[in-house]
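Should a chain be cited, it is by its letter among A, B, C and D, assigned in written order, with residues numbered from 1 in that chain.
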Amino acid sequence: MSPELVSQLSVGGSTLVLLAGLAMLWRRGVRAHIGAFTAQSVALAATTAMVGWFTGDWQLWAVAALLLLIKGVGIPILLARMARRFGTERELEPYVNTATSLLVGGLLVLLAYLVTAPLVSVSQLPTRTGMPLAMGLVFVSLFVIISRKKALTQVLGFLMLENAVALLAVLGTHGIPIIVEIGVFLDVALGFIVMQVFVYQIHETFESIDVEQLNRLRE
Amino acid sequence: MTAAPFLALLLSPILAAAGALVLPPRWRAASVLHAGLGLISLLAALRFVALVLDGWTPTWGATVLFRVDALSALLAACVAFVAALAALLGPRLGPDDHYTPAQVRRFRVFSSLFAFTMLVAVTANNVGVMWIAIEATTIASAVIVPLTVTKASVEASWKYILIGSVGIALAFVGTVLGYFDFVTLVGQREYALNWTVLLANAPVLHPPVIQLAFVFILIGYGTKAGLAPMHTWLPDAHSEAPSALSAMMSGVLLAVALYAIVRWKAVVTAAVGHQFPNRLLIGLGLLSLAIAALSLVIQRQYKRLLAYSSIEHTGLMCLGLALGPLGVFASMLHLVNHTLAKSMMFFASGRILDRYGSPEIGRVSGLLRVMPWTGGLFAAGMIALLGLPPFGMFLSKFALVRAGFADGKGWLMAAVLALLAVAFVSLLAHLNRMLYGPAPAGIRRGESGGWAVVPLVACATMLVVLGIAVPAPITELLDRIVEIAGR
Amino acid sequence: MSPWLLGPVQAAMALLLAPGLVGAIRWMKARLQNRSGAPPWQPYLELRKLFAKEVVVSNNASWLFRAAPFIVFGSTVAVTLLVPLLAVPLPFDGAGDLLVVVYLLLLGTFFLALAGLDPGSPFGGMGASREMTVAALAEPTMALAIFALAWSAGSTNLGHIAARMLATPSEALAPGHVLAFAAIFIVTLAETGRLPVDNPATHLELTMIHEAMVLEYSGRYLALIEWAAALKLLVFFTLLGNLFAPWGIAAALTPGALLWAALTLALKLLALGGVVALVETHIAKLRLFRVPELLSASFILALLAVTASFLLR
Amino acid sequence: MRALFLLLIAGYVSGAAAALALGTGALSRWASALGAIVGASAGLALAAGACIRGAAFSLDAPGFFGPVGGMAFTLDPLGAVFLALTSLVAAPSALYGAGYARLWEGRPALRQVGFMLNVFLLTMSLVPLAGGTLTFLLVWEGMSLSSYFLVMTESDQPEVVSAGQWYLAMTQIGLACLLGSFLLLQSGGPGGFSALRAAALTLPPGTRDAVFALALIGFGSKAGLIPLHVWLPRAHPAAPSHVSALMSGAMIKMGIYGLLRVSLDLLGGGPAWWGGLVLALGAVSALLGVLYALMEHDLKSLLAYHSVENIGLITMGVGAGLLFGSLQMPAAATLALVAALYHTVNHAVFKGLLFLGAGAVLHATGMRDMNRLGGLIRGMPWTAALFLVGSAAISGLPPLNGFVSEWLLFQSLLPGIGAPSPLVAVLMVLSLGMLALTAGLCAACFVKAFGITFLAIPRSPEAAAAHEASWSMRAGMVVLAVACLVLSIGAFEIVPRLSSFVAPLVGVAGSAPSLSVGLALQTPGGFARMSPVLVAAGLALVVLTAWLAVKAFASRRPVRVGETWGCGRVVQTPRMEYTATAFAEPLRRIFAAVYRPSEDVSIDFHPDSRYFVQSISYHSAIVPWFERYLYAPVISRVRSWSERVLALQSGSAHAYLTYLVLALVLLLGWLVVTGQP
């Protein structure tokens, strides 16, 4: 695999991942969001596998497999169950309407390019070209968490943030040490489970998962 | 030789968690075991302090995974102390505690895990593992924030987990960028994420990348440390959590997050010089001091009052880090004092909440008459937090302001003193209203759970000892820390 | 005569002259109002009568009521030891200066006011309250007038001032001096309870200030207080006379000089008494809440005196 | 000297321990009082050693707190005067306190008062002994804190709670200013006072002015100078009487000590405007202090306002000293400072006496409102006589010490008239006028205080049933009364010694101007001479001869007791008497511009006819200028900021996350824009 091919593939992969993130901004339904997240996880796993194949490092293959297993399959199943449980009502009116949120998403990607300019100039790895897109996804997922009202969507935003960071790690450093990789997976999984428990609790006490109602503690 | 203390330190919370899971909480043996394991981990931490003072830096693990230097030893001691206190004074099945056995079990399991994650975070040499441990602290503590499920505690826990996780993810971005900069220079190494390696190679790293990484690190760990403007989760979480947990969170979790910032500051200072990080630290520190000080003026609940005072003291410590060697000494001394005073205050406020039944300051009056010992401890803790003489915080506040003036930042210190005056006047006004005045009718007088006051009195005496004459070992430890972080 | 004897002689002379001075003023006022009036030596007869009469004391009064007359009388007599009546090298000049004189008089007023309060009658309280108000407002004028005098004379001790005035008579007509004289004259009227501030002749409860405080006294105590009041008037007149127009004060202690000094002193007292009588026949009593205006006028005069003394130096 | 220092600490510490350990009986009362008296006498001996024998004393442990700073104790003559003053008031107050504490026997409050009193006395005695920045601030704050707890002993009334709040707030602001001032002066160097003196020489003028201004605010708030005095009339009446005596007698003097130490000793004098500002503040404090005292009818808050007035007088002396120092008139500066120091000592003694007297009245009748007291001289002859001595002393009446220091103050302001610049001369003349007016009003106020409280007919059953104070309370007061006379008679010995302490501060090389000739005091240049001894002796002699003469010549008929004259009415009821408010009514009308009194009179008539009155209620209040126009706006401003900041905590998770992201984006933007190298 020649370095040029790898850089094109990595750019392609990260573009796919970023597009899935922007889809979250575009679509309203929860089911669509879950679909977007699943696609994103698969694309991320593919990119990781590609980089693993290019560097011949078995650890990356293991990571890709783990990614696919947990984020591609496990979490979407749980998410679907939660979606069924809380009814698939559409995100009625998020804080920001679709047009402006897409515009903001674009601006954020531009900001990401500005911010990661020094990174790209410093690194010699072929996969460095994908990094601005990964940073873009970081900002887009932050914007998703801010602008969406449903607790479930906020959890999805958090998971997307984790995906973005994982992508950044793979592209920038061809894989962080395995201990840390496993630890990160463990954290993300546990974090998701606890958030899921809380979403159920919110639904139980507030009869809806609209974070808007959580404004009792002020001052 | 070196494995034993690590095992004692890290395994005992795990065993405590397992024990609490297995043994029914109603048994006397269960709570004794739980407390005992807490004490063992405290003894291990003190052993580490002794080792460090003798000049050792114990390490353990394959690729030097765990390493305890002066800074880690100090933090480990603080974490272990507060965890032992929580194990001793946490929710149990005593006559006047209204917790169900299931709640007690859940609390014991997750508070031990919480202690374990903090101890790992503090002793890990690997920066990645440190991040994982701090992320795990959020998860472990978030589970037991809503120990008694009410609308308020659910809301507080949701905000805590959400903001905490988002913040920490940004810190991971920073860690990755740091590692990225290292890889581009030296190529992939197994032990690359070790703090010692990063520090050694720091002068060679690229300044723009490291600055970018430090911004993410500061925002990320700043969220966990409760620095403004990422502090918003703290008052809700600390006032709604059970007082034992909020004692651990307010006392040490903020300190652990600050520990992470100190670690990265050392690396960044070596790479880029101290001007850039100091400017950021002063900015955030002053902002949190301002927001906390002004929020204290109109406060209706005493637990939220303590939470805002934590934000203010963390801001002060963060400010201290940026004022040269004496500043670092002052902020570390402040850290120790704050841990002792704040955990004591939250335990005392827990007892007040049990007795008066309402968290409102307005409804608590004549505290010295109703509960002389708890009232006295509450007053002593509050006066310690104000930095008044007999207690240690006066020395650290004095040293901090002195460092500020020595560093030539006169106007900054003037602003700090003014904000501290505003904060302290409002804290005193609230304290005055609670301690004195006529006791409300129908309140049962006299202390309850007599022996529970003993550890709190121990805390108070330690604060006085720190105030009258700072013991030699602590000064020695703090000097070592200044060498690490204070360049 | 040895200098140390001069003190007691001056005190004795002052004691003798004082009732006569009050009698003379009353007599002159009567003649001005073309009344025949009591003879000038009438006060001596009153004193003799009062010393013989029986003392009636209120049942509410305490030991302070009986001790106050002695303190008032004693403090006023002590003042005469400091004031240059006859000769200039005063024996007790080192003991006290003009400030001590003012404070001794304040001591007398302080205890008189307390004695006024003691029997518990409303008039005593009213008199004490008004007397202390007037005394308090007169203080700043006295202080500034003293310092105007002292600044030009180089010392606040009365002996030095009089000696300096003797040495340089032109100083007496300096503007600062004249203004200080006017200021102290107004204060004299206020302190000794003369007409514009307080009517010495009346016994109408609501208008009198000094009389109200001594309403409850009788017998020998009343005699002492009346005598002290007369002595106070004499002291003020002597201050006005000898400090501002020191001619005739004996420089040496020869009998001839002393006789001449006594004569000139008597003349000065009568002159000042005449001025006061004239003033009292022409103006009516001020309402109490107009008195501060009078005293602030005197304060301005004293202020101008002080500024004149150091501006024109 | 070191043994005395250790005895001082041991005395107070043992007193404190005794108070804690020996329960709440009479034994604990006496043991803690004994400890305090031992400590106080050790302090007095230490001070005497430093004053008379000039024995230097210093003890420092540089590394005591590690790199933070060290502890250092030194005693120089200036400090010795204030140590003597504290101990002089401490011993009688402790003795008095032992009797007064019977009130709390059997209650935990006794243990708290005994302990805190000893801690308060220890920290207050250590303030003049402190030799370094950290030590000074440590004992200074300890003094404020322990006095707060003493003020809060009877804490069930709401106004005591608010008094505590005001007091703590002012101490915190004071501490912040002092921290700023000392550390600005130290600017990184070592903390010892000698090092500070050296550092002060090299400071730029701007910083020196800042150090002085902050010190003035910090020490002014403790001393009770006018704009910062609001806590004093609230805290003193709330505290037990012997504590108020200590606070008024000694604690507020530490503010003066601090001001002298920083402005004269450490900074070594400064530009003329320093002295002018202090003089002006002193004059305003004196006049407004006495004006507000006149309107009070609560005995202890009247005495508290008089503390503000006397602090004003002392500050005028200090201000004049500073001013003359800067105008290179060392002799006049020395006289002014000696007058200030001497009045500090005198005030400590007679104000302590007055507060103890007020405490005895409170102890006997349970009331402090003068309008319901009266006629106490019959039931409490000793207390009345001693209170009279105190009142005479504070009004500056001749035989006593108040007169001597007021005379010195007048004489010290006089040379100012001859000062080169006319502005200074005008300032001097005005402050002279205000000083004289203050002296006059003070005499009027104490005629009211003593007359209405002790003389005439008792206005309430409790006043009628008043009983004399216990022997220990009287003993405390007698000691202070005798001290009043001794300080006056001994002036010719004390004043020159004070001038020898103060002269080096004002840059007088060689021997200080001797301010006394034989038995008389003499101002520099022989301007004025006065001998308190001769005045007292002459007065006593004349009064005695008058008494003997009257006894010899006047009639020997016995004194007949009759009814007070009431224009022919038979019954003389207490309601016809003058009350405190009535006594001060003329002055309220005259100074209406300052007071702006508001009066509301409500009359309810007899139901049958309009011409008969059932009851009249009269309520009048004066405008609290400073609380309303200085403190209220500041407090409301801070509260509005606080509301705006609390709006941040709006409760919505989205807003919280937005703050986080905004912070990130802003920092990144700053990073990109500045384009770090």
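Definition applied: contacts are C-beta pairs under 8 Å (C-beta built on N, C-alpha and C of every residue); 3 or more make two chains touch, one makes a residue touch a chain.
Note that the structure is a prediction, hence the values are computed from the model and not measured.
A.B. asks: Most C-beta contact pairs, which chains?
C.D. replies: Chain pair with the maximum contact count: C-D.
A.B. asks: Which chain's C-alpha centroid is most distant from that of subunit B?
C.D. replies: C
A.B. asks: Report the inter-centroid distance (CA atoms only) between subunit B and subunit D in whole Å.
C.D. replies: Roughly 44 Å separates the two chain centres.
A.B. asks: For subunit C versus subunit D, what separation do you get between their C-alpha means, in angstrom?
C.D. replies: Centre-to-centre distance between subunit C and subunit D: 36 Å.
A.B. asks: How far is the middle of subunit A from the middle of subunit B, if each middle is the mean of its Cα atoms, in Å?
C.D. replies: Chain centroid spacing, subunit A to subunit B, equals 31 Å.
A.B. asks: Between subunit A and subunit C, tell me the centre distance in angstrom, where each centre is the average of that chain's C-alpha atoms.
C.D. replies: Computed value for the inter-centroid distance: 101 Å.
A.B. asks: Taking each residue of subunit C in turn, which ones touch at least two of the other chains?
C.D. replies: none
A.B. asks: Can you list every residue of subunit B that touches 2 or more other chains, as numbers and ranges?
C.D. replies: Answer for subunit B, listing residues that touch two or more other chains: 158-159, 162, 166, 170, 208, 212, 235, 295, 298.
A.B. asks: Any chance you could list the residues of subunit D touching two or more other chains?
C.D. replies: 646, 649, 653, 657, 664, 668, 671 - these are the residues of subunit D that touch more than one other chain.
A.B. asks: What is the complete set of touching chain pairs?
C.D. replies: Contact pairs between chains: A-B, A-D, B-D, C-D.
A.B. asks: Flag every residue of subunit A that touches subunit B in the complex, lowest number first.
C.D. replies: 115, 118-119, 122-125, 138, 142, 145, 151, 154, 158, 161-162, 165, 168-169, 172-177, 179-180, 183-184, 186-187, 190-191, 194-195, 197-198, 201-202, 205-206, 211, 214-217, 219
A.B. asks: In their shared complex, at which residues does subunit A touch subunit D?
C.D. replies: 95, 111, 114-115, 142-143, 145-147, 149, 154, 211-212, 214-219
A.B. asks: What residues of subunit C sit close enough to touch subunit D in their complex?
C.D. replies: So the residues of subunit C in touch with subunit D come to 51-60, 62-64, 66, 70-71, 73-75, 77-78, 81, 92-97, 99-100, 103-104, 106-107, 109-110, 113-114, 117-126, 128-130, 132-133, 135-140, 142-144, 147, 150-151, 154-157, 205, 215-216, 219-220, 223-224, 288-289, 292, 299, 303, 306-307, 309-311, 313.
A.B. asks: Under the definition above, what is the set of subunit B residues touching subunit D in their complex?
C.D. replies: Touch residues, subunit B against subunit D: 158-159, 162-163, 166-167, 170, 207-208, 211-212, 215-216, 218-219, 223, 229-230, 232-233, 235, 272, 276, 280, 290-291, 294-298, 326, 329-330, 333, 366, 368, 372, 383, 386, 388-390, 394-399, 401-402, 404-407, 410, 413-414, 417-418, 420-422, 424-425, 428-429, 432-433, 435-438, 469-470, 475, 478-479.
A.B. asks: In the complex, go through subunit D and note every residue touching subunit A.
C.D. replies: Those in contact with subunit A are residues 646, 649-654, 657-658, 661, 664-665, 668-669, 671-672.
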